[in-house]
Every structure is written in C-alpha cells, then in structure tokens.
Amino acid sequence: MSQPKYIHALDIPVPVRAELDAGTQKYFALCDEKLGMVPNVLASYSFNAAKLRAFSDMYSELMLGESGLTKLEREMIAVAVSSVNNCFYCLTAHGAAVRELSGDPILGELMVMNYRAAELSPKQRAMLDFAYKLTKSPNEIEESDRQALRDAGWRDHDIWDISAAASFFNMSNRMASAIDMMPNEAYHSQAR
Amino acid sequence: MSQPKYIHALDIPVPVRAELDAGTQKYFALCDEKLGMVPNVLASYSFNAAKLRAFSDMYSELMLGESGLTKLEREMIAVAVSSVNNCFYCLTAHGAAVRELSGDPILGELMVMNYRAAELSPKQRAMLDFAYKLTKSPNEIEESDRQALRDAGWRDHDIWDISAAASFFNMSNRMASAIDMMPNEAYHSQAR
Amino acid sequence: MSQPKYIHALDIPVPVRAELDAGTQKYFALCDEKLGMVPNVLASYSFNAAKLRAFSDMYSELMLGESGLTKLEREMIAVAVSSVNNCFYCLTAHGAAVRELSGDPILGELMVMNYRAAELSPKQRAMLDFAYKLTKSPNEIEESDRQALRDAGWRDHDIWDISAAASFFNMSNRMASAIDMMPNEAYHSQAR
Amino acid sequence: MSQPKYIHALDIPVPVRAELDAGTQKYFALCDEKLGMVPNVLASYSFNAAKLRAFSDMYSELMLGESGLTKLEREMIAVAVSSVNNCFYCLTAHGAAVRELSGDPILGELMVMNYRAAELSPKQRAMLDFAYKLTKSPNEIEESDRQALRDAGWRDHDIWDISAAASFFNMSNRMASAIDMMPNEAYHSQAR
Amino acid sequence: MSQPKYIHALDIPVPVRAELDAGTQKYFALCDEKLGMVPNVLASYSFNAAKLRAFSDMYSELMLGESGLTKLEREMIAVAVSSVNNCFYCLTAHGAAVRELSGDPILGELMVMNYRAAELSPKQRAMLDFAYKLTKSPNEIEESDRQALRDAGWRDHDIWDISAAASFFNMSNRMASAIDMMPNEAYHSQAR
Amino acid sequence: MSQPKYIHALDIPVPVRAELDAGTQKYFALCDEKLGMVPNVLASYSFNAAKLRAFSDMYSELMLGESGLTKLEREMIAVAVSSVNNCFYCLTAHGAAVRELSGDPILGELMVMNYRAAELSPKQRAMLDFAYKLTKSPNEIEESDRQALRDAGWRDHDIWDISAAASFFNMSNRMASAIDMMPNEAYHSQAR
C-alpha cells in the first residue's frame, strides 16, 4: 500500500546510471560501496551535474567534515529539525543514520518523534533546543540563545556548525517536501 | 543513552503486579498473552483501579469495538494525530500497531512522519485530513469538513468513529506528554 | 436566530428515552433529578450503550471522583482548556458549572474569556498555566513545567489529575466540535 | 474571588467625576442616563481629555453612525474579533451588547465562544469569516476575500465598515489587554 | 510593474479635492505644506468627513501629542508592529518617518525587517518587545510584561502610550490590508 | 544608532584579505569588480575555504545558473521567503538585488513588505504563493500545490528551481539569524 510511488513527483526523469558523466558515476559507485545504495536525493539531483555537485559538496562538508560536533550530533540535529518540518525523506534517511551511528535504535525514534523525551546531556539538549527554535521561529533568535549554547559548553565554532546543520536541513526538508521526494526503502530496516 | 529513564516522571509508583486487585491482574495476564507485555500506559494507570478501568474501557470500545473503520484505520488515525502532537509514547506504541496490522512497516513510518507522503485511497486520505484539522484547529471545523468525509464514502456513524478516535488521541497524547510517559522498549522492534 | 439547530450535526438520531436500556434510563433519570436535564452530550452518546458508558465512566471518575483538586478547580480547567479550543458546547456547560460551584458568576466568565484576567491564587494560576500549555503545545511540556506545579504547592497525584482533566477536555472539545454538538439551552441562564 | 481588582493595572488614577472638565462630565452624565453606568474604558481614558475624545469619537462614529451594517452586526463583529484575542473587557461589554440588541442571550454566548456554531445567514457568516481572517492573518487578505463579501450581498461601503469595525477591536482588545482593563461588573448580568 | 494600481481596492471613489468640505480642504492644504503630499490614507477616508476626522484626531493625538515617548519612538513602534502584520502601506509610510526623524536610513530598514537586529538601548528594546508580544499574542500579556517596561525605565504613563501606539497600528494595519490601501509613491525615496 | 555592530555575533574573526588563499582572493576581487564590495556573507564564511566554496557554489548555481526563471524572479523568491523569516541580512541584500534587476525600487519594497500587495502576473504570483507556503508549512505541500504552478504556466524543471530557491533561502535566512549576520551598509542605498 505504501510502496514509494516514485523517486519524486516532478516530470524530471532520473537518468540511467550508464548515461551519467564519469565523475557522477564514480561518486555513485562510492555510495554503493559505502552505503549499499545511491540515496534517492542524489539520484534526484543527477539530472544536472552542477546541481548535484553543489548539493553533495555542501552536504559532505557539513555532515562529514571536521567539526566540534560528532557526526552523530549532526545527524541528531538533522532529525530533530526534520521532525518539526515533518519531512518524510529526511526523517527516514537521517533517522537511520542516528540509529547506525549511535548503535541505539531508540535514540533514532526519539529524534524522529520528540527529542524532548530523550535523556540527553545538557550540552546536547541545548544544541537541539537551539536547532528547534531556529527552525520554528528564526526571527526570534537572540544573543541569549547563542549564550545558552556557550553556557552549555559549546565554543563559537561549534555554534556555527550547529547553526549550519540546522539551517541546511531547513533547506533540504523543504526541497524534499516540495517535490515529494521518496527515500530508498532500505533505510527503514537499517540498524533497527 | 536513550534508555527509558522511567515509566513516567511523576512520583506515583507503579504497583507490583502481585498487589493489584484480581480484576487488574487478570486483565494484565490477558495483555501478556495477547501483546507479550503490559503496555506502560496501563501500568501507569494501575495505581488506581477506577482510573485504569475508565481508560481501558474507553480505549477498548474505541479501538477494538465494532466500527465502519478497520482496526488499522483507527490505528492510522492514532498515529497521524500523535504526529501533530509529537507524542513519543503514542507514536511508538501505535506506530508498531500500524506496522503489525498492515504488514507494511513503511506505512507505520509514513503515519509517524507525514501521512501526506503516503499513497492512500482518497477515502483514507479524507479520514486523515479530517483528523489532522480536528487536531490542529478544532475551532475551525465546519459542515464542509464533515461533508468532505461523506463525499469520500464515509457514513455518518463512521464520522462519529473517526472523530472519536482522533479526539481520544488528543487526550492520550497530552496525558503521556504531561507525565513524560515512556513506551515499552519492545514496541520499537516490532513488525519491522 | 441562534436557537440550537439540533443536538448534533450527524445523521445518528438520538433515541427516544423509552427505548433506551434500563441502565441508561436509570442514569438519565438520575441526571434529571440532579441536574434538571439530561446533558446533550449524554443524549448524543445514548445511541450506543457501550460508548455512553465509557464516556460517562471516565467523566465521572475524573470530575467527581476523589482528588486533591476541588470540583471547582477541575471545572476551571475544563473551561480554560475549552477556551483555547473555542468549544461552544463545553464552554457553555462547564462555564455554568464554574458559576454554580463557585457562586461567582464572574469567575465563570473569566474562565471562558481569559483566565489570565482572573485574580487567582498562585497555586490555581499555575494549574491553569499548565493546562493552557498542555493544550496549546503538548510537545513542549518539560520537567520544568511539572516542577512549576510542585513549586506552587501541588503534589504529584494532583499533577496527574490536572493533566487528566486538561487532557480529557482536549478530547471532549474536539468530539463536540467534530459533530457540532449543541448544549442544552438551560445552561445559559444557570447561576447568573 | 474574581471581583475586579481595579479598573486597570497602571498607576494612572481615574479622576474623580467632579474634577473632570465640563464636556466630559456632560458626556458621562449621558452615559449614566443611556447605559446606567460610565463604561470603565471611558473612565480609564478620562485622565486625558484629548485621548478620551479621540477614542469616543471614533467609537461613536464606528458603532453608532450610519452604516449598511446594523448596530447588532457591528457588535457581532466586536465580539467575534475579541474572541480571537481573548479580551476579557471587550467580550464582557460587547457580549452584553449583542444580548441586548438581539434580545437573544444565546447569540451573545455564541459570539463569545465560537461564531461558527451559530446559525447565521450566509451574509452574516461571510462578514464574520472576513473579520476572523483579518484578525488572525491580516497579511493573507486578498481580493478573493473582499469578493466573498460582495458575493454574499455586501456593498463596498459595507466592506469598509466591516473592515473598520474588525480593525477597531483589534486595537481596543490590545489596549485593554495591555493595561489589564476590567469591565464594569454590571455587564455580566445584563440581558441574560 | 509594481506601480500602485489604485489608492485602495474598494469601489469608494476618492473625492476630488475641490469638492471636499472647507475643513478637510484646509487640513489637506496643511498636509501638502508639511509633508509635501496628502497621505493616501487620508485621501481614502475623505469620502466621509466624520470618519476622516475620527481617524486623524486619534492619529494626531497619539503620534504627535505630548508623551514620554519621542516621536521617533512612536514611529519605531508603528513600524515594528506593521512588520509583524506585513502591512505594505504602514511599513512604507512609517518606515519613511523613522528614516526622516532619526536621520538614520538603516534604522528604518531595521524596523521594517526585524527590530531584533538593531542595536538599541535596553529601554527601547523593551518597548519594542512589548509591542511585538502585544501584537502577536495579546491574550498572553501579563503583569510581568508591564513590569519589564518599568524595569527598563518607562513610567506608567509611558506604558499607556506604548500600548496605545502598538494597538493603533494593529487597527491601522488591518484597515489598510482589508482594503489593499496603497501608499503614496513618494515615501519610498524619502530620507534614504 | 543603528550602525552594524559587527559582521556577525560569533567569535570567529573574519580573516584579513591578504591572508586568504589565492582562490578566495581572486573570488573576492571579482566580487569587488562586479558588486563593488565583498558581501558580508562571503566574508563571514571565509574563515574556512571549504565552507565558503560550498556556499558560494550552491549560491551561484542557484541564482546565476541557467533556469526557466529569470534572475529577477529568483531574487523575488529570495526576498519573499526572507520576509516570512524576517531575515535582516537577506532582506537587505536581496531587496537591493530586486531593485537593481527590475529597475523598480517599489518592487523591492513590495517583496520585503508583502508580496501580496504587488501587481504581478498570475504566473509570478503563483510562484510566490508556492514559495510562501513552502516556507510557512512545508509539511502541508501537496500535489495540488505543484499543479497550481503547472496551471500557471511553469514547467516541471521550473518547479524544481522555484523549490530550490525557496529552500535555499530558508537555509540562508536561518544561518544569518543564527549568527546575527549584518549586511554591508552599501546595499541600503543601492538602486533606490
């Protein structure tokens, strides 16, 4: 009943792998190797190499680059933000990542459903409270909100990274919702 | 990290099974048999037999009694409503029920994350649209909303049942959030 | 102009009293005796004895059973919650109850219109602030909200009861709005 | 318990009648004669004759001047708007006016609680729907909203008056809430 | 492309100057002299002398009369409130006034876009925070909000004036949006 | 009074131009040449070359790359989205771009203040309505919203670009608000 209807709802066909440029083919082969799949978000963007590269470069820098935040913490932000925006694609893909990286399936569910129900360190809780407010009412963010992060133990470079991750998923959630992007089914059973 | 901290946050201890009255013990034995556990919501209420019975009677009538809605449809309403309210307990317990009853793990995720991403019959979609609006802005419900259900194929007795299920979870979500009720861990892995 | 159009908007006729089962007839006779009427909510449910009993049992336990909250306090919660949800039925019926139980007609109006304008004890004010937040944004309830109740003098069993009353009217408000339930006219002039 | 604590919460004493200028004294004498009281809103403004006159002139022109709307219709708008803003003062004073002008106590309650539950002509319903949207999301008003009023039978001069009345109470509600203005107690029992 | 389509969207023609009564002609001549134009809001109201005078009297008293607030502060409130309500007319006209009175074009933009980004004295910031909350959720204003103004250095008469200005623009914003009132083009380039 | 306090509020100093890597220096020289300045957003990101490049690559592809949308239309989306989020930085920078590209200063103001007040083609209006809804309630986007764009004359590739631009500014607005990023003052007077 609920099988993904399509990769996304627009009439912009996902190119056949063999027809992609060499760079994209190589990147997708790496995805296959590391993730066991090419995430549908990347397949969606592959109709245009420049758009794909812009998206994947930003994504990689943000989620995989050096940071005072662990990869798990960045994924926790991804999911908590996506929960506010009810983004099916991102909750599915990044919920799996939280389960995977934490080895804690319940933590993934908590981020999807309501991060306030999770037993987190005050530092991580402050991180998610900031991401939540930035998502819901960005116009009301004030110095006191940044200070709360510092008081919880985050450095200013970390505040940049928390802000950047939360902001990125506010973009990504909307792009996925705008075109009704469907996640790869494999995510659902990962790391349960 | 995310292990349930407690059954709920109030200083109202859950009684030992052996000390419960005979009726409750029998009811809990039935739960063990049918569900493989006593749901934490019932354990929470068991400090007071009258409260437990009132809750479980209403629940059973609503979710298990005769209706023009299938049990699965009632569970879909439960989860879609709980998604608006971000209720960790209800999303966990009733998300599992949707997976179980439908044999479709992805459908459970869709209800938790965003029912609009699911490929549903127009009739079921109308049912969830009504439950969503009734949850978000009950003051704006009008005759045209009821008529949309009739136009989608629901009879007036069904509208009662859709309304009653959606309303019940607006209660149950708030009770669980108010006392920070934690679901049994077993739900998370069920019917994946 | 504004005479109630019907008891509710669904095509589910309210049974004639004489055709109800003996238990319901007895219950309605008791209503006549105690309240001078059968509340329309009970008449509405009487098409199905199991639904009626489930509703009235929960209602009685909650609003009339033993509690650290007075009956008036529970009615104040009922009205303050119904004010957020703009429920005509519940504001009418429970507004009358607040006037009746308090002997203070203005208090009833204050609960209907804006409880913040009432001069309440800090303890009662904390109770209504909790009920208001639980109604508006249940997902944002935190331990600090429960602690505010404790600090105001409520015990944990009282927090259960405050939560249960506020949650119940979030159900009841939605059920009434969903089917456009009309209150008995007699309420309007009671205890003015 | 709920007796008005004061006329308003600011340290701006209401002048003694005898010390008011002749014009104000005459105006207040007229209020006594026509309404049996000086409304607290006027008493509040009387510390400054210019402010009082500005307020009362606008009020009189709007609510009592010539218009394609009846006085009752203007009062219905006053109350429906005040219901969105939960203004205790305006709901009390103008709820009484609706009861008085309509001779229908229940209509007053309906406007206070939820105008959608009232059985109104399509023309009056359109008027209140416009006032409701203009109150809740003025930024989203469009030509189609004005056209809906025309389609319901209102002329463009009436649309001006509907807009002006709804707008005025968005001011008046906020002024009353800002200073916690308390209505005269006499309103509560009027025209029940 | 974006040239004002009309002065407002209703079929209520703006009278020719020569046909206005003597008082209005004199008032408009004064506007020409002082402002270099007759603001479209006044032109709009000029079809009815009583409405025009009621509006302009209240406006003058509020924005130009004696007060513990400077004229600039009152204009800052006007713009910050109009920003919440996204009122094109008022943001344009009063944004120009802030630029003019402050000699600081950027301050005008800050009020239009987000007053929280401006570097203000704590006293002025408290003033705008109060106006913002009074605009967004008047029902939640409490004594603590008034006290915050006192703590920031405002006297109770000033709180009246802050409240009155914020309330007035909640009226004026809605009136302008209701009839799609267009500002005089000249405002846009003033005091840049 | 309102002079920008800093480029942003975090303790992450903006590097001196001479110390930037050659690529960034060249990029900034190009900015100087084309825009007459280095936008503060780029200066902010320049502490980390990878972050800067990821941001500027995505920005360039999106706003300057080939598209069925004109550059002006993309800037109109940028501003309309930023208006919902009240982002001072983006409203300032992209408001200037709308004025510049359209040669119509008022159009810039309309996008900043309320795009609904602008006289736009139905096609452009549909574009902004989609961007507005995607910003405010991404979870409620449905096929009918995409169809409205097609009906207004947009092709599916354009829907991708509309979605991508609206999504991008939901990221960018939040990043700017999170760190209180201040726009270059020069924007304010451009193309007035």
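We just call them A, B, C, D, E and F in the order they show up, numbering each chain from 1.
The rule is simple: a contact is a pair of C-beta atoms (placed from the backbone, for glycine too) under 8 Å apart; a residue touches a chain by one contact, two chains touch by 3 or more.
If you're wondering where the values come from, they're calculated on a predicted model, not measured in any experiment.
For the pair chain A and chain D, chains touching both partners: B, C, E, F.
Path length between chain B and chain E in the touching-chain graph (shortest route): 2. Taken over every residue number at the interface, the positions common to chain A and chain B amount to over half, indicating a same-residue contact. Centroids of chain D and chain E (each the mean of its C-alpha atoms) stand 22 Å apart. One inter-chain figure worth recording: chain E and chain F are separated by 28 Å, centre to centre, where each centre is the mean of the chain's CA atoms.
We define each chain's centre as the mean of its Cα atoms; on that basis chain B and chain D are separated by 43 Å. Under the contact definition stated at the top, the residues of chain B that touch 2 or more other chains are 86-87, 114, 139, 141, 180. The complete set of chain-chain contacts reads A-B, A-C, A-E, A-F, B-C, B-D, B-F, C-D, C-E, D-E, D-F, E-F. If you check the complex, the residues on chain A that touch chain B are 1-5, 83, 86-88, 91-92, 102, 104-107, 109-110, 112-114, 117-120, 180, 182, 185, 188-189, 192. Of all the residues in chain B, the ones that touch chain C in their complex are 9-12, 50-51, 53-55, 57-58, 61-62, 65, 85-87, 130, 134-135, 138-139, 141, 143, 146, 156-157, 159-160, 162-164, 166-168, 170-175, 177-180.
Within the complex formed with chain A, the residues of chain C that make contact are 139-142.
Those residues of chain E that touch chain A in the shared complex are 114, 116.
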